[in-house]
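Two complexes come next, and they have one chain in common, subunit A, joined by subunit B in the first and subunit C in the second.
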Partner chain A sequence: MESLPTQAPVPVLSVRGITKRFGGVTALAGVSLELLPGEVHCLAGENGCGKSTLIKIISGVERPDAGEVIIDGVSHSRMNATAAITGGVQVIYQDFSLFPNLSVAENIVLTAEVAGRQRFYRARAVRPKAQSIVEELGLDLDLDAEVGDLSVADKQLTAICRALVNDARVIIMDEPTTALTHSEVARLFTIVERLRSRGVALVFVSHKLEEVLAISQRVTIMRSGRVVTSGLATEFDRRSIAQHMTGTELDEARIVGPINADAEPRLTVSHLDLPGAFHDVSFTVAPGEIVGVTGLLGSGRTEIAEAIFGARPAASGDILVDGRPVSIRSIPDAVAAGIGYVPEDRLSQGLFLENSIADNIIAGSLDRHRNRWRGLDGARIRSTISRLFASLSIKAPSADAPVRSLSGGNAQRVVLAKWLATDPKVLVLNGPTVGVDVGSKSQILELLRQAAASGMGIVVISDDAPELVSCCHRVLVVARGRIADELRGDAISAESIHERMAA
Partner chain B sequence: MQILRRLRGKNNEGILALVLVALIVTMSVLSPAFLTAGTAFSTLRSATVPLIFALAVLIVIVSGGIDVSFAAVAIFSAYTAVSFAITMAPELPAAVIIAMAIAIGAGLGLFNGLVIARFRLPTLIVTLGTQGIFVGVMYTYVGATYYAQLPPALAAMSSMTVLDFSTGTGRASLHVMAVVAIVLAVVVWWMLTRTMFGRSLYAIGGDVEAARRAGFRVMRTQILVYVLVGVLAAVAGIAHMVMGRSANPQDLVGDELDIIAAVVLGGASIFGGRGSVIGTVLGVILIQLINNSLLLAGVPSAWLRAAVGLLLIVGVGVQALSARRKARRVHTLDEDKSDRLVQEDVA
Partner chain C sequence: MSEKQSPAGAPALGKGAQINERVGIATREFIARASANRKTGRMVVALLLAFSIFAIANPRVFLNPLNLQNIGVTAPEIGIIAIAMMLAMLTGGIDLSLVAIANLSAITVVSLYSGIAANDPALAESLTVPIIVAGVLVGIGCGMLNGVLVSVIGITPILATLGTMQILNGIAIVTTGGSTLYGAPESLASFGRSGLGPVPVLFVVFLVVAVLVALLVSTTPLGRKIQLEGANPVAARYSGISSRSVLMSTYTIGGALAGVAGVLFLARNPTASADYGASYVLLVIVIAVLGGTNPNGGFASVAGVVLATLTLQIVSSGFTALRLSSYEYAIAQGVILIAVMVLDAVAASRRARRPPRTAMPAATPDAPAASPEPTPVTAQKETEHS
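And now, the complex of A and B:
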């Protein structure tokens, strides 16, 4: 680890020799970091490398065992949340930490009022404050709307406005682009530029390397609680960042297996229609084929997947599995027809967090593990669990560990294992690598390729272009509820996908 | 549209008001004796104690908790203060007896709050437990004697009225305790909407973790909430005894359902973060009117509890359904908005 050459501007915030242990585990070992005014600083690293702990220490939520946080030359060895806020440090968490039951205006001003130790609250007096921030950033936010009713992107903008009310000079954004689509990211970046010009230092914590490189001036990469490297963003590229993060070479080549185009399609969707969500959607998926579905958030891509899985059934149209028409009115219908679905929000929809990995793997396929008397066949269950646990290389001490203890990438593998255990004919995945680090990502894509090679038909819904390029035979682009474009073979590239999505 | 939405209120208070008006109109048509100042004042009188209780419950529910021990706290603090005055110092002024009850109520509330905030236990279970403890301790150490006479200072308050006039059908009067309830409603409304403490209750009820990150002192606030509930409950307990002209240790406990139902019907969300004083007042009056009118209509009183139970389920059901409908709504991307922003910056 080498320190940066001293630059002319004085750092707004610096962190020196931070060490933090949880029980016997060292989460951070002597981490140092400097933030300069008007820079976007990318903090990259795999899940569990200590980024989140570092953010919590900077924002005063956790106390370090050793080291100091220096804001404007004042050293704080014991920070608390209020001291961080009054010092101008604001964190925009991945879940935004907004109050869903309060209005946009109140969400924007409330933390400032708390930090100022106000006793009284006058809605009419604080509203102009919120109004001026919203106008300054040139946003179109309804101040009276309840935050719970907003879209993800608008919630994020509300969180950014809130950060600015406190005269933030350091804004840390945890995974700011995860839930956003391409054009929303572009909008976020224009705002980030405006903040930069005000002299605000921004820290981006992100897995999406492309975006990070596009917006950052400096990059710091962490691995296992240490800073591995730090330097100007221009000195890095996708490959070198990934290499520092994982410690190994990253394989991102486009690898697609052969498909038998003559065989009966695994899945045929014809003229599927759900008013208000999507219209006249038709496509097929051959055995062994991976079909990507992409589009902006709100374009209808998620709704199409949910219709195929019966979570929100289509109003009209046909779905055929292996050439046989199936009527899908509910989730059990879809499961019976041999369709599996890995949802977007796996933590709330796909897993029993408190239960063991083993229980989760077997949860979807109990009916396939019954003996002659309809009881559960313990031996077969154990063999299925150990087979999938090993083949998916889930990083856990044993299959008895609770799912809550796993990192994002490993939790995602458990969801995959659950569906692979049911041996589906068609597997639909919605954002299979959202919030997953680069190392796990390529492993998950490899698992999908293996599943396809065994004859499964796979539908991947994603707005992560490199991921689609890496594993899909074909990519369907959804716009305003209709399939607007189909890319195949060499026509599939990150640029072509972005171009069609924005069109 | 905007006006309609405002009239409807954030927590459907407008709809509740409509139901209330419809009920009053129906009752007046069915029975001409219904729509008189006398009925209005007697409803107000019977709503006094429930309203004070409901304000206490509103505060807890907004902060994301629930308290079922408030009736036990009320009877414990009021009965202890009254029985002390009767047996030890019959000449104590009313203010001292009331202050004593309030101090005891605050102490019991503090106990609830400390257990809940310190050990982060589910509020329902803790208060269910302390309800039993409070009643048990009162029977064992304070006594279970029924006092048919209050201490003279309190007894004098029993007949204290603020407005007193004759109407065609009889005399109507506004009891001093009803005035206390109205003042408390205004104070709680002011606290919830105009103080940072009140707003922090909504914030904590909306998202505890977010509140903690925003710098709210969550534990302190939670403890204070239960102390406030204890204080309000003690006032309600005294009001109950003053208006009933007696001190019965077996009163109040067991009627918690009516109060919680009134608050939930008034639009407070049992999931926390939502609720208003206006809604709560309307909810209390609605439950009182339904109880009164069903009695007038000759429905056996045993069915009144069933009616309140039904209302509670309807109230919670409406909340749950609207939450589900909200979750189903699809957010479509407003493309013009983002494009415009990007273009502006380019230009």
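And now, the complex of A and C:
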């Protein structure tokens, strides 16, 4: 690791006393940050701590209520997106915001062309510009490939090149390593070193701590809208960062209930295959068992879940519920078979945001609440809603409150309640605690343990190793569409999961 | 929000607590209904306002019982089509073919009746009910066609129904040769003229249809699914709701309602033509939206649509009473629609500026037995507002 430049360098960008409120909620309270040229700065914090709001303010998407953003000594109290881009601030979001139907070269150059108010787009002038950037960074990128066909890592490199075409001096990367394999991370880091030597300041927003610590010079940790601590990366380790992030000791206690191994498996998946997504996937889930499925983004873990739930049915293979083969060609098939699915994207796939908590809870079980005349049985619906509202301790003034008003953890409980109302035999959860704060997280895991204890078979898809350690009886590791590994019992630890995922 | 926050659901409590809980449920439902009906309340005000304006401006003509009865006779056909439009919009779609369906259904009834009556008038009269049923069945068939196009094939509703509107209009013109057909069952006409006291029977039919649709929407699984499909089609899919069957049912019901509206055309006036009610297509959209239907789907109120129908009919007949032309009425329609939308937008932005009433930790306090969780772990104060 290289040392910082010795004489006090002038920050490329600094942020002073930024405060931002949304309604009555204070997202940022007096946050200050300095970015030096040629440094990698790690911005760490839990979901909802204000990281993303801070980035939005730096990139001019949101306006702060107080405080200023200073680029090259020029203060902007009302930064806008154009000023940010001309000031050299570029954000690379997790989805990269690329155009999948355009070529790599076009993606690299197009935004600069548009921002440069070129009246005409000259296809021929584009290539050399893109080429020079790619060569400068020593990348092996096919300029003519369609971006939609690239691997995640290559998409990321395309996004980095695009930032550089715009003369980026500050590049903010949101969760840059989440979707990458070990070797891809290594490649990213060599490029990051090259960028540093050009004097670019990089901000890594992340909660994947080990990797980020390896490359960052400085670390800033946020919690509840404030900067808790900031200092040289060498002063931190994984544990101390986690402690600052959560304000508590890391709780990775493993609590798993007993399972009856002799019982008929709740779910049996055998030789499930969907070309292009996953191959020959077989596993079972016993009553009361929580099986974790992990793997990198794009490894096929989500596709497996969606095939079991019928959202994207498998091309071949068998699914058995309680030993009975079921044909799952659609979501209603899966629901009828007793399979529930808590989707990855809670806000768009899981919830009816404008509807009440009550509407959401019975959304999946309307046909189970019919009376003799095929109408809805109001009394039974009310009792289901109030039972789940109370037993999942959803924090809201009443079940009539719109779901939009709930925090991440409470919203996830509503999705959970929707499936518990269908009395499922198998419950598949994709990223059950993504975007959920620590306190709610352990409560949601506890709810899963209770559901399992009642005899349900549970599949948890997650890349959050501590969470898997905390609640899973077994962990399946998916790599390139196949189940590559299975961890059981004492073999399950955060380290072993990380190791197998990266393998 | 409600003062009575008895956390419903605390199971197996004492009798007092049970009564308490009942009261709590009732209060909450009342409040929910009142707030859901904010738009309906607004329509009541608009209705009274329109009525008073015209009653004052020209009481002699406007308050004439004949004029009021006329409103009661013309409102049903428009109102029923508007309710059908509301259903389509509730799923997030639209049905432009409703008026064409109604016309085709009316033409079917007239053609069947006059075809049979040409040989045997008595037989034709005795077949009134089957003939009317045939007319409504034509409506159902057209609705199913829309349903197939929208749900099975997956064409955007506005385009699918624009297509069927053109097709059905074309069929109507070709079969009638573009002329107006005369002749409807006499019993249908006398039904249309009769009344329950001062209230025209057609208006009673309208209210009955409205109540039935309202019950369908709020008290059946299908009705709830229609709402959820409109509120968020992706979440509806991931909740196991089959959008295909929901859309199919919605457009079929819409077709049936349009068929009924076509029969009501004839009950009022025993003629049918391909271009009848051409101006209704946009009018019913205006009515549906005025009645509080969210054009993006998910939220609507039958009561609001009924009130909006009456309001616009009052404005229409008031304009006639003031000797204003139908063109001026068209201007008024547009002005009313845009004024209401502007009011909505202003109200919405005012609501958005208010701080959100989020996560009051109120749900758990006095039901410890119902909460199976161990006491929440640390960092509780950070769990809000994430």
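By definition in this document, the second predicted complex is superposed on the first by the 325 of 503 C-alpha atoms of A that agree within 3 Å, B and C clash if a C-alpha of one lies under 4 Å from a C-alpha of the other, contacts with A are read in each partner's own complex, and residues count from 1 in each chain.
What we mean here is this: contacts are C-beta pairs under 8 Å (C-beta built on N, C-alpha and C of every residue); 3 or more make two chains touch, one makes a residue touch a chain.
Fair warning: this is a prediction, and the values are worked out from it, not measured in the lab.
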Touched partner set for A:Asn101, first subunit B, second subunit C, both or neither: first
Partner chain in contact with A:Leu353 - subunit B first, subunit C second, else both or neither: second
Partner chain(s) touched by A:Val74 [first = subunit B, second = subunit C, both, neither]: neither
Subunit B versus subunit C as contact partner of A:Val91, first or second or both or neither: first
Subunit B or subunit C, by number of subunit A residues touched: C
Which of subunit B and subunit C A:Ile255 touches, first, second, both or neither: neither
First (subunit B), second (subunit C), both or neither touched by A:Gly364: second
Touched partner set for A:Ala214, first subunit B, second subunit C, both or neither: neither
Subunit A residues contacted in one complex by subunit B, in the other by subunit C: none
Contact footprint of subunit A on subunit B as seen in their complex: 193-200, 202-203, 205-207, 209-216, 269, 272-274, 326, 328, 330-333, 335, 337-339, 341-342, 344-345
Subunit A contact footprint on subunit C (complex, rising order): 1-2, 5, 7-11, 25, 28, 31-32, 215, 219-221, 224-225, 227-228, 231-232, 234-242, 298-299, 354-364, 367, 370-374, 376-380, 382-386
Interfacial residue positions of subunit A with respect to subunit C in the complex: 23-25, 47-48, 223-224, 246-248, 251, 311, 330-332, 334-335, 341, 343, 348-356, 359, 362-364, 366-367, 369-370, 374-376, 378, 382-383, 385-391, 393-401, 405-410, 418, 422, 435-440, 442-443, 446-447, 450
Interfacial residue positions of subunit A with respect to subunit B in the complex: 59, 61, 81-82, 85, 91, 93, 97-102, 106, 110-111, 113-115, 118-123, 138-140, 148-149, 151-153, 181, 183-184, 186-187, 190, 193-194, 276-277, 296-299, 303, 312
